[in-house]
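Written out below as structure tokens is the structure these notes cover.
So that you can tell them apart, the chains are marked A, B, C, D and E in the order they are listed, and the count of residues begins at 1 in each.
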């Protein structure tokens, strides 16, 4: 099993809060930091090679999007934290990549944690990655555990100079949240198709691994639900709270993402209940099948056991067995056995076994 | 399987909000737009062939009901959206026909999404269609995915010049909502009858597909519940919220529709629990039946195996087997076997097997 | 099955609200209307034969109780509705006798719907009937579907000039509600006894219909719960709301009825959970029994199959089988078989099968 | 079954509220009334023989505790009710001894109903008794159904002149409530031990009555939960409400009793879930055992059936069966059978059956 | 079973509140009291040998942390209670070590109860210990049942003169709470790994104790949940309430611990649901396996029973059996049997048994 049910937080036991140690699974060699800065009029993209030489821009009108791939380099996070004046708890949470989704309102910025999910079609497993967003008045910081994300569409729209370029950071954050939640749908649609294929298979011809696969998807739904459930509250708070960083217009859009998140939860629950019902169906059909097998066995056994007994009787070697000497003894015994067979068949028919 | 558990939203991943692309299953050739305009005194019906040549009426007293069958033509929705000044998110939601039921209060109009359901009796499946209602001060827009709806009664009442002609748009919207919810009852009544027929069959003579049919209806109830559950909140908000578009009098009627929706949910839950209980009953009756089969097998086997052994003994060919020479050997063995049979029958009787 | 899970409301689809058509099962020939009018000093009872000639009394001090048995005559309801100035929705709800229990506060009167239940001991089924109460300042209207009710005690107390004669209409309505809820207890007590008898039977000697009976009672509890659940809210609202029709003193009594309704719900839930536990017990005891049957079969089969094989060996007709010629061959084989039997018995004992 | 699931309230159907008829099971000959009156300085105990000659004391400083054992004597309750000016509904509830736990705030006194429970170790059943407390400014009335209670400790403390003598009636009521709830713990601890003993037995050697005993304890937990669940709300309201009869200091103590009641509920739920898990374990272990039995049967049957067939072949009496004449025929057949046995054993080993 | 489901509180029944008797399991010889006093500038550690000679410091700036290992010595608790002016109920709760986690706001200090858990890897059992914290303006008292805790890291940080030395008592209390909750994670991670190992085993090769182990972990999760569930409320109240003892800054940290506690609950629920799903999988795979065994048995039995019957027929000793005299009788019978075998194999193939 690749993913753990519960991730070790033990390294932190007894350590003071704010101790910046990366706790997580993915350890790329170093963090890659991509910077996109834009105003309605222009946009520049760059990769920050050396964190030390980077200085924060001071133009309040220009919006910065700093995306960090790989948070295992605690020094990078610490440097960025110092530049953007993040609270020690925020930096700690960015590094400990097994947080529950949450939103926290700090002085001057919002800190949002959510899970970015990928479905590994080879192993049929969901991989979960922590995405931390820091939403300030003119900057958005996004921290991912690994390279590769679902934000390429957002970048395209930024480059193309679309509407997003004319909006503030709250709209950029919304666009990122929307991309993450929309990706959940894509993933769930794929899983939904797999489960429905399994359902068809279940009724037609259950294979030897059908059972294990039902269990497997139930397990994935369990982990998925655990990852997504708290997101509802995050999006609900973002679209209702009175933080000045989020405009009324953007709240409307966030409410839309919230609706989508509810929809995702509904779909997860529907798939889960379907899987439970499938397991019931499987168990019932096994019982039914067993019943049929037992019926065949019982019919055969009850038919042949009396017959075998009778032929056994006339296979005995007693000196005095008058029937053996009778001329019509053999046909009489055969007829007797025929009568028994017919009688038993009538008995089975009455019990609706045949 | 015709209907998907989760519908692909992937086409939108990364696209900016407000991108008007139709996401849904039903693709008629073109949208059919039917316009009904009325005042207490007169009513006119027409079909809009060319959206471009259509201009919105300006008479504030005259109520317009524009019904669009088929929302796959994004251009039509865009044009209407421009005419009636709809928010881009509303237009997007009209086109993406897998929304959860919801109500949203925009400046100057209410946007209501609900599911219009049809039970396909041939495939015994529920087909779900998104119905979008836009309720303005003097217009109601309704968008359906396919031709065919449950609104014929409402049109009749409009044509007949009944009370509805003297009311505002809120009452028209109520009449449409009421027609949709009443159709749920009709559908549920049919399903209820099917499930009860299945229940009778279950007790009398479970057929080979009984199990699959129980599972099938459980699945339909699951999807139905997912479609209708959020409707409660929609109707509750409509009958309580302070939107100026809905009069006090109409709120009373909406409360009535709300009661009906609750009743629908109760009925769905009752049917679901009945199906669960039926599955339990089925499983138990299979186990009971298996027990009876096994009892028959065991009684036969335990009766005949000792007998077959005994006759086998006297079928052995040893030179020295004194019993074989005895004059009463044969009757004695037969008597012995009779004693064994009687003994075993007493044993079974004591165990209440026979 | 006599009662439907979901009742057709289809006749109303598309019809305008307020269309007065009776939708229900019970169709007596005509409605019987019984009128009781009283003041602390006098009481008069009469049966209204002809609705048209009836005129509402105008004495505000005199309390009227109009009880209508059989609501299939829409004209009667319409006439009464006109006399007492009822809202069209109220009249519609009185006629459509599949409403959920609810209370609605109209201008000048309260409209209360609840279910009056009867347990048909022959078919062991609950029959449900809609009771509509209209509580005005000096009148109470009660509408039942069929003749026969639980109000005889209330009438007796009215006739006897007891305390109820000195109170207002709210107290009369309370007395009716109390009679209905108390009748639930009587019914539940009877069902509880049946279920407990079934439980005893289950442990002692489960019969062939035990399973179907458990399912039957589960089904009845399901329908019962659906009927009674909303009553909690009705009574809670009546005892808390600020309607001027209900006095502080009567609220105290209604709180008492509310407590009883909660108690009824508790009892229903307890019976349901007991039935679920009984089904588990039944399934487990069937499995246990099956186990015992299989043990007997296996012990017999494993004992006799080796023996039958051995005697078969010495029943072969090979020319050269030296054992057959030995003087002690026969006893030796018998001894060998005894050893095998003893060995197997030891084996079974070790496995705790015998 | 000694205790009923639902208790008949039928006797009251149609009777006016306030009709004082005892409805309950325990009918001692007459009510025993014990009176304890105390001030910080002195305490007197007496038994009231004749209710009629008893007059209520008027000293506001002196606290009275009147304890009535046996409430079947309606006259006693009526007399006391008149003396202490109780509301008719209170007197009715005292006599109808199947109330849910509740607290009601009347003018001048609080009326508290709770269940006093006893575990009958012989029948392993919980017996429930209604305890009604009336808490006035200088009196506490307690009504029990039967003699015998859990208040001896409270009486001892009163007699010993401990702190309780210096407090008001609210503290006395608290002491009684605390004694009742503490007794729940004692009882639950005993049941917990029984269930754990059953659990050990289940794993080691399930006996014939294990199943019935699991069901029995589940049933007791069901009834227990029904009795105790409403107590949470009672204690929560007592420790929060603004009744002037309860001092701030006593509220602190009542909060403590509330914590204990929550703890009791937690324990009940834990025991219930453990019982459910035990039933699952039992069912699974039966299935596992069945599997093993079937394996033994199948191995024996599949080993011996081919062998028995073969020896049967050479037991046939055809004139022309060349093998029978061969010199090595007999050993060859024995060798063939050995090969078959070895082959089958390998087959079983591969399937991991042996 | 070492730990009881419900702990006896019986010793207290009837005793007045505030009676200081230790109720719990662990009875070390005497309590060990360790005192740490510190200011930002200096820190002193000492062990208090004789409680009587200890006098509370009066320096308001200096923070005291008194840790008591072993609360069975009621005298020590009483002495400390007197020194720090604790309420009798607090002292009682410290001694009765089976409290639910809770927080209580007393005049001048907060009293917090929580459970400190240890997983005994040998017996695979969770051991639970009550930790009582009293948080005053310049002191923190911690009471444990046994020596050995999870606070060594906190002590190290205090000694090292880290940030914690510059903060008030609320931060110290937070540090202790954080250490306890972090230890839950460590424990749950270990259990999670055990359960996953069990899951792998379940699919590959279920052993004889797999079932009992699943039940065992379900039981531990049940007890764990009961211990941790109330902690959510405790931490939520601590981070929201308006107690003046906790600063805004510390509330931020407590919110973090609250998030962790929610995360712990999520993980417990996920493990529980996984265990339930594993049991289902186990039951299903047993049923499937049984099916296969039965199929093998049935195929063998139905193949050989007819054959054995036929050879039995020709083993009969009738004088007149013409077939026995035929030249090709023996081969003809062998051919007949071959046809029967092929026919049965086709039959099984059609039923997809082979």
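Keep in mind that, in the parts below, contacts are C-beta pairs under 8 Å (C-beta built on N, C-alpha and C of every residue); 3 or more make two chains touch, one makes a residue touch a chain.
Which protein is which chain? UniProt says A, B, C, D, E = Magnesium transport protein CorA.
Since the structure is predicted, the reported quantities are computational estimates derived from the model, not experimental observations.
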item: Each chain counted as touching chain C and chain D at once; value: none
item: Numbering shared by both copies at the chain B-chain A contact, with half separating same from different; value: different
item: Whole-Å gap separating chain D and chain E, where each centre is the average of the chain's CA atoms; value: 25
item: Centre distance in Å when chain B and chain E are each reduced to the mean of their C-alpha atoms; value: 41
item: Residues of chain A touching at least two other chains; value: 283, 287, 290, 294, 297, 301, 305, 308, 312, 315-317, 321
item: Ring path (origin chain D; first step to chain E); value: D, E, A, B, C
item: Chain C - residues contacting chain B, complex; value: 1, 4-10, 12-18, 87, 89, 93, 98-100, 102, 104, 205, 211-212, 215, 218-219, 222-223, 226, 229-230, 279, 282-283, 286-287, 289-290, 292-294, 296-297, 300-301, 303-305, 307-308, 311-312, 314-317, 321, 323-327, 329-330, 333
item: In the complex with chain C, residue positions of chain B that touch it; value: 150-154, 156-157, 162-164, 175, 178-179, 182-183, 185-186, 188-189, 191-193, 195-196, 199-200, 203, 252-253, 255-256, 259-260, 262-263, 266-267, 269-271, 273-274, 277-278, 280-281, 283-285, 287-288, 290-291, 294-295, 297-298, 301-302, 305-306, 308-309, 312-313, 315-321, 351-353
